[in-house]
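Common to both upcoming complexes is chain A, partnered first by chain B, then by chain C.
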Partner chain A sequence: MQIKADQQLDCKGLACPMPIVKTKKAMNEVEDGQILEVQATDKGSIADLKAWSESVGHQYLGTIQEDGVLLHYIRKSSHDTGEEKTFEKTITNDEVIDRVSKGGIILDVREEAEYAFGHIEGSKSIPMGELENRLDELNKDQEIYVICRTGTRSDLAARKLSDKGFTKVYNVLPGMASWQGKISRING
Partner chain B sequence: MTINKMTAAQVARKVIEKQPLFILDVRNTDAYEDWKIEGQNFEYLNIPYFELLDGVDEILPKLPSNQDVLVVCAKEGSSKMIAEMLSDAGRDVFYLEGGMKSWSSYLEPIKVGDLTGGGELYQFVRLGKGCLSYMVISEGEAAVIDAVRFTDIFTNFAKEKNAEIKYVFDTHLHADHISGGRHIAEATGATYYLPPKDADEVVFEYMPLEDDVTVKVGASQIEVGALYSPGHTIGSTSFIVDSKYLLTGDILFIDSIGRPDLAGLAEDWVGDLRETLYHRYRELAEDLIVLPAHFMIIQELNEDGTVAKRLGDLFAQNHGLNIESEEEFRHTVTDNLPPQPNAYQQIRQVNMGKVTPDQDEQIEMEIGPNRCAVR
Partner chain C sequence: MSNKVAIIASNGGLFDAYKVFNIATAAAATEKEVAIFFTFEGLNLIHKQAMQQLPMPEGREHFAEGFKKANVPSIPELVEMAQELGVKFIGCQMTMDVMGLTKEDFIDGIEVGGAVTFLEFAKDASPSLTF
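Right, the complex of A and B next:
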């Protein structure tokens, strides 16, 4: 499966420390919230990229292996936790499975790569940036439970849906970052 | 300022001679906490290299100027980069050639003692992993016991000593490191012995190593005799060399005893372990010098770097030999066991000959401490 990234960085054949040195530089060119795919062959890069990402506050999403090449996915920190959430209709993580079993869908508005490395089974993926152009994939008569990592992007998405005439929209809080239930993910 | 490299052999001398050394370990914190270069007079600072990419100024005050500073990483690249940055900042430092990878594979051969008729017994101390291998040499012949996977070290050492390797033994099917035994035997034409009870699933030819099997090395007939001593594995066998040394494999260590769970049968084998340690070994001469297949902590090294102690002293001092109640013994060796060694199940498969990983995969499997004991 192809995972979508905003930028790619070729570190194949490079030994430690170069994958991290180059990733650090490349990350400066990536916009907040965007995904960088790092292609590497050094096995040590898995643990190091993860630890480095955590130390500088980026979101390490995961790694898959393709034809002997490690593909690491990192999302640039977007500091999106602090902003105020204004969409009024909300439900909690704990409620959503029960609610959706009675009808409606869970709409995950995180980036595709974030979704690939861990999402609620059966949820639909439309990244926030694509929502406007993909509204026709959604049904106005259905309940739509919008979720993201921390509730900020889903707040924005819920407001956008509401503006477009969707009435049965809820923001799921606190979001995937503290999701305790089952998740599905791409094979790593 | 200059940057210099330090070899694993040089670090080994510092460990054995208890010299001071300041180690700046730039690996991940997890990797460092799991496993590092141990020395009794070593000091440490662990900061991952990726936290120093913007500069090393913040750590300069933490580095001593009156002793050697060694920068260490997994494979060398990052330690070299950090050493260069420190050098640019005006500090003289070393980096470890080949990183932890070479430390894990370095063996220091140390003579344990003389044998009857001019023979010699050597212990190969793998400081980075705590593995101990042995070579008995007598008048042009040699026997190797519990060889680790660096077969050249043993074959070259025998060559230097003008000895032909005639016998190769593994005290048991190892789970913490990849054995070199079978490959040494193949390369030299020696006979390879393995306990049949550990060898159910092995896919190669071997001679059964059973109770009372003896071989004689060299013209002066140094005797290497097998003593069935199950408990770490069901086949675990000890050796008595020249009526003087007791090679205990992973059954009895200097400051701990073998764990019975690595082949998955702790409950079944705890009784065997107790029988071996509390009865079979008790019948042996207390003046035998115990030579185990591992050490766990650096304090177990003697002044000359060997790991060896009188059996009688172990009966007096080793906690694992002094648990009176069987119930408490059972509890000690089956509950609260330390984490199992890295990739131990895969390593067993390799030692059975079922899988043949490449060099890099072998290194990967053996990363980390050995963890074969319970204290």
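Right, the complex of A and C next:
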């Protein structure tokens, strides 16, 4: 499966510390919240890029291997945790599975790459940036439980859906960052 | 958590140079403030001519092939990268005097200072490393 990234960086054939140095430079060109794909063959880059992301404050999503090349996915830190959430109808992480078993869907509005490396089984992926153009994929008669990483993007998405005439919309809090239940992911 | 990494480079071989500059560039790329104090043989690592052909440890010359195969950047390349990332180079004045060297014998952009210059930087650095 191809994972969507906003930018790609070729570090194939480069040894430590080059993948880190090049990733740092490339990240300057990436916008907050966007995804960088780093292509590398240095096996140490798996541990290094993960540690680097944590140290610098970006979100390391995961790594897949394709034809001997490691593809690392990193989401540039965005300051989306502190903002106020204003959409009124919310439910908690703990409630959502039970609610959705009675009907409705979970809508995951994180980026595709974030979804690929860990999502709730059966949830539907429409990244926040694509929501406006993909409204026809959603059913107004159905309950829609919107989730993201920390509740900020899903708050925005819930408000947008509500503006577009969806009435059975709920924001799921606190979101995937503290999800305790089962997750499905691309590489097992 | 400290945001500074302080490194003392006191040996002048090729292996020493890689240890120093790999750690320094990796730290700088991780948004640390990095300073390297070059003293005694460590000065070779930033000496205009010497840095071009730093010696392998005796009996380890066969590693040259491995360096090539792993596509490891050359020392001058790493030095340039480190400077671009803002790593501060401090040459040891006392050693330079002993060896009869001046600032002009070294690459551009270095500072020259004594032990206290380095200590001042390193007082709140973590980690401090010696190679």
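Note that the second predicted complex is superposed on the first by the 187 of 188 C-alpha atoms of A that agree within 3 Å, B and C clash if a C-alpha of one lies under 4 Å from a C-alpha of the other, contacts with A are read in each partner's own complex, and residues count from 1 in each chain.
We take it that contacts are C-beta pairs under 8 Å (C-beta built on N, C-alpha and C of every residue); 3 or more make two chains touch, one makes a residue touch a chain.
In this text, all values refer to a predicted model and were calculated from it rather than measured experimentally.
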Side-by-side fit of chain B and chain C on chain A, or clash: clash
Touching partner for A:Arg185 - first (chain B), second (chain C), both, neither: neither
Contacts of A:Lys43 with chain B and chain C, given as first, second, both or neither: first
Touching partner for A:Lys24 - first (chain B), second (chain C), both, neither: both
Which of chain B and chain C A:Gly13 touches, first, second, both or neither: second
Partner chain in contact with A:Trp52 - chain B first, chain C second, else both or neither: both
Touching both chain C and chain B, counted on chain A across the two superposed complexes: 15-18, 20-21, 24, 48, 52, 55
Residue numbers on chain A that touch chain C, as the complex places them: 13-18, 20-21, 23-24, 48, 52, 55-56
Chain A residues touching chain B - in the complex, by the definition given at the top: 15-18, 20-21, 24, 43-44, 47-48, 51-52, 55
Of chain C, residues touching chain A in the complex: 22, 25-26, 29-31, 70-73, 81, 85
In the complex, chain B residues that touch chain A: 28-31, 48-51, 53, 73-75, 77-78, 81, 360, 364
